[in-house]
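Before we start, here is the structure in question, set down as structure tokens.
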Amino acid sequence: MKFGILINEGPYQHQASDSAYLFCKAALEKGHEISRVFFYNDGVNNSTKLTEPPQDDRNIVQRWSKMGEEHGVDLVVCVAAALRRGIRDENLAPGFRISGLGQLVEVGIQADRLVVFGD
Amino acid sequence: MSEEGGIKKFMFVNRKAPYGTVYALESLEVVLITAAFDQDVSLAFLDDGVYQLKKGQQTKGIETKNFSPTFRALDGYDIEKLYVEREAMEERGLTEADLLVDVIVLSRVEMGELMEQQDVVLSC
Amino acid sequence: MLHIINKAPQERNSLDSCLRVARTGTILLIEDGVYAATRGNAAEGKIKDAMTRFKVCVLGPDLDARGMGDRLIEGVQSVGYDGFVDLVASEPNCQSWV
Amino acid sequence: MLHIINKAPQERNSLDSCLRVARTGTILLIEDGVYAATRGNAAEGKIKDAMTRFKVCVLGPDLDARGMGDRLIEGVQSVGYDGFVDLVASEPNCQSWV
Amino acid sequence: MSEEGGIKKFMFVNRKAPYGTVYALESLEVVLITAAFDQDVSLAFLDDGVYQLKKGQQTKGIETKNFSPTFRALDGYDIEKLYVEREAMEERGLTEADLLVDVIVLSRVEMGELMEQQDVVLSC
Amino acid sequence: MKFGILINEGPYQHQASDSAYLFCKAALEKGHEISRVFFYNDGVNNSTKLTEPPQDDRNIVQRWSKMGEEHGVDLVVCVAAALRRGIRDENLAPGFRISGLGQLVEVGIQADRLVVFGD
């Protein structure tokens, strides 16, 4: 089955990004496809390559980058939400791309399910 | 659940008040984009979400853009299905006359049944 | 003590929590908290009851932004940001019920 | 329909809102939402009532993280992230009550 | 309100559960720093905040650090005033035996009175 | 009177930063002193110079920078919270500085009132 994922909160402050990541990991392990992860609202903050969490904590941004690269998951950051919050190509982590809201609607149409993770 | 000719039913569920958080504004931005994809779009207003439609918003004092006129423009995008939960209005002392646009008022049971018919339910 | 509430009464428990624990002083409703002080809201009774123990104020610019300026419960005082500053200064301490 | 709730029952109105409006299907409690399904919580009655209309599940890893693994209400099913995926796949549609 | 010898009363009010949001963890980080400033520090646990002190937290499954042992270390920083609201525990089916550390259980009235005596009330 | 301010949420997503700014502006106009604005939790995201909000919206970051420069308000971003979220000197807006949590405690001690703005 094809899943689309929407993440509305940034890393660390809320559990949304953690829950979404572990959901995607489990879905991939079961042989499902993650068609796209769309980062909206403060969710765009998951894509900055400048984070440096404490050594004994998980690295939320790197985890997403790795999943994008290893499983070809399309990680799309909303351009309008990103500009509001200071995410641009210059601080974008590997594996993410910045694009328009149409990418969210598109995955809503194409995927079998769209799951929202927020506050 | 219907998928006639590739058209899906998208519902935007609004449960949050405007201005205290950005969700109402950024959700509306998704609605406008979705209109361009020729899908079956509806908006549901529950809980504090009904406050988004309140007439007379004047945001100058908080130095923030008043985005409520956009609800009036939805018509021009062929988005006409705005559903409001009756109980949510009543608990907040609001009536249809308080709202910026024409809406379809539903009981909670009707709202729940409508949700079940959707393909994609978006909430912010 | 100044108690600052910024959430709507039906969405979160911050107003209820404040009213349960706080003893005296002033309650200032800001941001989405202002809805609690509007006529017809399910919280109207709680606010009227609170007015017997506390001075209750609302941040006017937040009330106006939400289009609720004409339905403030009688006896609740509307203040601007300057009044907000005065309240913080005049009460000995303050707490934000975030 | 799969209803996903991620907030504690006393903090926010998301569980109440879902129970008021939702008709049938499955309720999955995740993140802070898991507290609703623990014995002794004030929401216990609501969850037991909901079980007459819905299948009620809880995300086990979230329950364990919060040290509540040993007090799950009887009849509520604990699932892992794989079970979460299965629920999304098996129900025709889903809604997050954020 | 007391300011004897430049010492202020700092109270950290915790009303949120752990892990769903970062507030509990980052609030605790402020507490540890405050200890170094020789102030009068107390922690208050109300509402879902009492869950922060629950024994037996096992966070491996959510791949997040379990920070609850830090509450056990507060003693070593001379932070000994942990107040818990009785009603908050009761509404959540918790008793003192469920908590990681020794606490002082207060009624809501006592908690309210204690808050009024503070100079600085920090909440996240 | 001397005020200390604590901001726990980022720009745009929550009103906290707006409310705090308008509070500070009013306090300065009344002749009070803002001893320090401390940015903690997601509040650190108020300090990125990379934001570019829509033309018809307020620019939250620039507003703070301007207040810092015109009124000498000390805008301090918590280093630990900033590292978790990708705020560093390289993307820090003018007028802000990154420092430790001790700066929050210090302003709590020195100011007459500490006002918290959060979610």
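Letters A, B, C, D, E and F mark the chains in the order given here, with residues in each chain numbered from 1 onward.
One rule holds for everything that comes next: contacts are C-beta pairs under 8 Å (C-beta built on N, C-alpha and C of every residue); 3 or more make two chains touch, one makes a residue touch a chain.
Computed from a predicted structure; not experimentally measured.
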Contact distance in steps, from chain A to chain B: 1
Shortest contact path, chain A to chain C, counted in steps: 2
Chain of greatest Cα-centre distance to chain C: A
Chain whose mean Cα position lies farthest from chain B: E
B-F against C-E, pair bridged by the larger set of C-beta contacts: C-E
Homomeric contact chain A-chain F: same or different residue positions, threshold half: same
Length of the line joining the C-alpha centres of chain A and chain E, rounded to whole Å: 33
Chain D-chain F separation of Cα centroids, rounded to whole Å: 38
Geometric centre distance via CA averages, chain F-chain A, whole Å: 27
Per-residue overlap in chain C, given as positions that touch at least 2 other chains: 6, 10-11, 13, 31-32, 61, 80, 93-96, 98
Multi-partner residues of chain F (each touching 2 or more other chains): 8, 12-13, 15, 19, 22, 41, 57, 80, 114, 116, 118
Contacts with two or more other chains, residues of chain B listed in rising order: 19-22, 47, 62, 64, 119-121, 123-124
All chain pairs that touch each other: A-B, A-D, A-E, A-F, B-C, B-D, B-F, C-D, C-E, C-F, D-E, E-F
Residues of chain B defined as touching chain C within the complex: 16-21, 47-48, 51, 54-62, 64, 66, 68, 91-94
Touching residues on chain A, where the partner in the complex is chain E: 12-15, 18-19, 22, 56-58
Contact set on chain C toward chain F in their complex: 4, 6, 30-32, 61, 80-82, 84-86, 88-89, 93-96, 98
Of all residues in chain C, those that touch chain D in their complex: 10-13
Residues of chain A defined as touching chain B within the complex: 6, 8, 40-41, 80-81, 100-102, 104-106, 108-109, 114, 116, 118
